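The structure is given below, and queries will be raised subsequently.
Chain naming follows the written order as A, B, C, D and E, and within any one chain the residues start at number 1.
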Amino acid sequence: MKATRTVRNILANYEGETPGVKAQLCRMLMQGKLGGTGKMIILPVDQGFEHGPARSFAPNPDAYDPHYHYQLAIDAGLSAYAAPLGPLEAGADTFAGQVPTILKVNSANSLMSDTAGKNQAVTASVDDALRLGCSAIGFTIYPGSDAALDMFEEIVEMRREAAACGLATVIWSYPRGEAITKDGETAIDIAAYAAHIAALLGAHIIKVKLSTDHLMLPEAKKVYEAEGIDISTQAARVADCVKSSFNGRRLIVFSGGSKKGADSVYDDARAIRDGGGNGSIIGRNTFQRERGEALDMLGKLIDIYKGKA
Amino acid sequence: MKATRTVRNILANYEGETPGVKAQLCRMLMQGKLGGTGKMIILPVDQGFEHGPARSFAPNPDAYDPHYHYQLAIDAGLSAYAAPLGPLEAGADTFAGQVPTILKVNSANSLMSDTAGKNQAVTASVDDALRLGCSAIGFTIYPGSDAALDMFEEIVEMRREAAACGLATVIWSYPRGEAITKDGETAIDIAAYAAHIAALLGAHIIKVKLSTDHLMLPEAKKVYEAEGIDISTQAARVADCVKSSFNGRRLIVFSGGSKKGADSVYDDARAIRDGGGNGSIIGRNTFQRERGEALDMLGKLIDIYKGKA
Amino acid sequence: MKATRTVRNILANYEGETPGVKAQLCRMLMQGKLGGTGKMIILPVDQGFEHGPARSFAPNPDAYDPHYHYQLAIDAGLSAYAAPLGPLEAGADTFAGQVPTILKVNSANSLMSDTAGKNQAVTASVDDALRLGCSAIGFTIYPGSDAALDMFEEIVEMRREAAACGLATVIWSYPRGEAITKDGETAIDIAAYAAHIAALLGAHIIKVKLSTDHLMLPEAKKVYEAEGIDISTQAARVADCVKSSFNGRRLIVFSGGSKKGADSVYDDARAIRDGGGNGSIIGRNTFQRERGEALDMLGKLIDIYKGKA
Amino acid sequence: MKATRTVRNILANYEGETPGVKAQLCRMLMQGKLGGTGKMIILPVDQGFEHGPARSFAPNPDAYDPHYHYQLAIDAGLSAYAAPLGPLEAGADTFAGQVPTILKVNSANSLMSDTAGKNQAVTASVDDALRLGCSAIGFTIYPGSDAALDMFEEIVEMRREAAACGLATVIWSYPRGEAITKDGETAIDIAAYAAHIAALLGAHIIKVKLSTDHLMLPEAKKVYEAEGIDISTQAARVADCVKSSFNGRRLIVFSGGSKKGADSVYDDARAIRDGGGNGSIIGRNTFQRERGEALDMLGKLIDIYKGKA
Amino acid sequence: MKATRTVRNILANYEGETPGVKAQLCRMLMQGKLGGTGKMIILPVDQGFEHGPARSFAPNPDAYDPHYHYQLAIDAGLSAYAAPLGPLEAGADTFAGQVPTILKVNSANSLMSDTAGKNQAVTASVDDALRLGCSAIGFTIYPGSDAALDMFEEIVEMRREAAACGLATVIWSYPRGEAITKDGETAIDIAAYAAHIAALLGAHIIKVKLSTDHLMLPEAKKVYEAEGIDISTQAARVADCVKSSFNGRRLIVFSGGSKKGADSVYDDARAIRDGGGNGSIIGRNTFQRERGEALDMLGKLIDIYKGKA
């Protein structure tokens, strides 16, 4: 499978990285229906850890079975499938080689008291990722949490180990915790900062949430206003995040959030596309829908990223 | 000993796992009077650590002797015997090879202040398990405790090491601690979540408590009600836990709790069987009874799991 | 030196242990005037660490010199001499091979604030014990302290390393800390629990204090009363601790406490003997007495354990 | 490239250091337009981490691109370019060998609550520096912070590893935290102390801020006054810092702070030069200016250090 | 250089220690003008770390240069020179082999808040000491601090590593912290206890402060009074510390404290000599004096230890 010029140009930005990492990035960028376009759609299924099984899977009970998600990602022609250790292991053999997988190596849960702090447990390793034939590891950081410095130190260690083994690293950069207001969690200045931190830490693919036009930090607000940075549309805000990811030298994808109407999902994707983002990580909006409906939605999203919808 | 088709089907769910782990799971599933049925009864004796020697063994003083439990598990035809380092060592030579053993590698005790938190000490290692010829390690997690993230990190490390050495991992998933109400410790939404977390962490065998029809988390309650998940009977609740264990792709056994009437013990077993669970871990209800009585009870439980009682 | 049948029977209880550990237990059990009887008297000198030099040695200033204790243990025909790193090193060469030594690998001191917690520092290693030709390591745990889980984890690690090198492990199990009342420190239910924990952790020799007939834990009190466990005499209480040490499968010795009248010391020893205990660890009651007096006392204690006094 | 006598004299002060470290110091001292003079100008770009991307780069949007800074350092003839992992990686291949690079291995950010404390995360390693062909690692310490002892221990470990691999170590010594008043952060007694601590820890190049004539510590104030130490001018204060850096045996450079008028920047440089300092680390004052303007400013600074302006 | 009988007798007390350690002790005991007498004077220069450069060196500005101290120790004929990593490195090559050096491997500073606790940072390693050709490592413990247990664990680890490499260990035992009153820091019962703890931890050379006749601990006070221990003179108190150092089996030196009158310094030395101590560690009283004056003072101290003054 020969990489397209678009993909080769993206890979060229990863200077000094091991050929193994570039090969895995190439594999994901050439996979499925968006293969070769420089765009990606990733299916992430770690909501069972975050919210529990009933909230995640009861709306579409077939999704209790880990095989369901592998099959959905394959049939929809997605770029990759991301999940924690247990679910990946449950289908590693059956689906070996059919879709790139991302091992989510840390996870939070809904059974934590406030004093336990905003943090996640490291629940898998680079060795696990290698053993299971994954293309990348995925790791969540919480910029703004009192645990953030520790989380940064964990991921740089794991990233180094992963890259040395030829695995790529995806960082979920989710502002949250003691230094972040509720509105700040989706403020554009914070989102751009979160993307930048992921890039600084060496992420190969950055995952952030779509943002609002709120500005949380007074010092940043001043600059946004003084320099006239456009944050009036979702596409403009996506563009600000792309610029903060080394001026577009790093792949950045955006997450969809909780289940919502299909039109809203499509609008998000058009904004990501128009702002120069590289795609979507979309979970609950697909696997909580009936399979046929989910496949239709994913097909339309692919069309959007191809500029056909 | 040729594995039955039932057992081979169970083993096939452990995709990508080492042959060593599968061999140990097979050994336990083919052991004793339930051998080959896909059902298990495990004798766990760590109550001396949890509650002290008098509360555990004074009702049946023969049980002060570690040899007593090995012999009970063998004579009753059970699937495995689980205990901490000291007691396993005290009979490791005498009973070598006669019953699969599970080394309980962490333990709590009743001499802890509230500020010490809900946690356990790691009191044995994978090396100990190998040296003592064990089939598996057993580890307790407390989802909901402020120590939970640390406990998750400990068991994923030990599980990885154990699996690499060909040992299986049993996770005791007991919701407890700062984020869990008293009723919540046995609420069905929490029990299913606890089983799911164990599966996500890579448990080969999951151990949870039987649950009530209480729903602790408001967000989960909404979903249980909206989706009409049946939690009205113990068997239905067992089925919810089984579904949350990767739709039955992982072995799940249920614990019996403190000593109670024999009929109640039998009713529990029937519910586990009817809900699709894989069996019982039953300690105090057997070793705190006189030996003859305990053997009778275990015989009847075996009949129940065989569908004969 | 051929081991007696009594000693061989004791060693047979250490199933699955390395020959090295058994050899060291044999060495201590065959040493001195109690050699071969299955009884032991150990001289422990870590009070300088715990209480400072003046309180420990000023009553008998010869005892400031580490050589004094080696010589006392040898001349009295004791089973072993236990001390921290510094004092053992100060006589390791002069007395090499003349008496088994136990390296006390952790220690507390009297210069700690309340907020520093009930804990000890690990002040020596298994490597030190090997280098100094010791027979065993000694380690104190504080069941009931907020540091207890950490202490348990430390000793199981050190015990594993020691056993692999052919060294035995003695656990000083001293209930103390946030979860223990003052009376509870010597309550019989707590003492038996403490002995049991040491056994569970893999101690080869267990050291506990003699206890009173107080029962601290309400749940335990209920069982002691319901089952009619005899705790009316010191001998009965010793027997309860022996039973809690795997029904006598582990060596258990009792400590003497602060200096007191000779008759009281002898009464303690008779109770230990009559309750089935394996002997005494006796420090201040010997080295704070003038040497001649100490030798007389130790001679009489040996006679008591031999059933002659 | 033959080292000048001036440079050889400087290197001679690094007694007992590995030839690899000396070679990297030599490389930086012989690089660019100040090569051979014993003076240095370093371009540091870690403000994106510290203050976020908008505050750092929006005033001169070309600076969002990591290549911009490499090119600026090269075109201006600077001694070295310092940045965190991500940005160095983004240009490591394109600019390989064209300018010495310093990998900033720890970083702070503006998204931390007060309770998170004054600390930084270690976000890169010596291995990363080697892989990326760097000349040195850079590390920030916060003397006066409750995290200071930990930071000291981190850098001495990393410095040892770096030196053994032939990499130099630059320490950013920034007084900050619980023991430092706001005025104290730039007080001359604190600045000199901070420089001295960096020297004691083994820094090869020391980076401190320019200071005021405030004296924070009463004990130090007494000595400054009693001994009549001149702190009336910036040059005199630079000289005090130089003297505190082993009487000039260690290279010391001064940072410029936030963006300000060009004349002020030039005055600072003259004071550094006249006080015997080795140069400037200057970031925002250059990259937040338009490129042509920045090159002019850097050219003038070079002239100042050469004594021509 | 043949060791004197006095020195050989001292070395014989270090039973079971490596020949490497004994060789380094011998080297220091045979060095300089006190060589062979069993007495030592050590020059320690870590005050720049503890109090900052101005308070330490401004009274005698030549002392800002690390070479100054090497030269002073050599010219005065002292036994050894002790300093942190940075200053030792600054002269390691120039003065190689001319005076035994002690690498001070941990250090405190005056920029710490109360909540940071009484602790020190480990700022150098055994590897550093070997690389720099040192004879020993030096380590400060704070008995009575909440950090004391951690400090004890650090030094026993470093001592073990050092001894295995043939380096001696000097322990600065300075009571300080939460459990110690201001008067208690120099109380004789605390000083003797501090010396004893250092000996127990395996120190080859013990450094304590001279003490007052205050008794801090009530339990100790009782014993001092009951046993009639003489603490009325400085010499008597030195003797109590010597006795607490394994009855004189360990070298013990005393520190001089802040700068004071020369007569007072001489009186201290006579008390150390008369009480059986092994010498002085004297820093500020020498390097804060003008060089000629310092050499005179050191000459007189040497005479005192030789019994000539």
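We adopt the following convention: contacts are C-beta pairs under 8 Å (C-beta built on N, C-alpha and C of every residue); 3 or more make two chains touch, one makes a residue touch a chain.
The shown structure was predicted, so the numbers you read here are calculated from the model rather than taken from an experiment.
Chains that touch both chain B and chain E: C.
On superposing C-alpha atoms, the copy chain C sits rotated by 70° relative to chain E, to the nearest 5. Chain A and chain C have Cα centroids lying 58 Å from one another.
Our note on geometry: chain A versus chain D, Cα centroid distance of 36 Å, whole angstroms.
Along chain A, no residue makes contact with two or more other chains.
Taking chain B first and chain C second, the full cyclic order of the chains is B, C, E, D, A. Within the complex formed with chain C, the chain E residues making contact are 13-17, 143-144, 146, 148-150, 152-153, 156, 160, 175, 177-180, 189-190, 192-193, 196-197, 199-203, 217, 219-220, 223-224, 227, 229, 240, 243-244, 246-247, 249-250. Those residues of chain C that touch chain E in the shared complex are 48-49, 51-55, 58-59, 61, 64-66, 84-87, 89-94, 107, 109-113, 115-116, 119-125, 127-128, 131-132.
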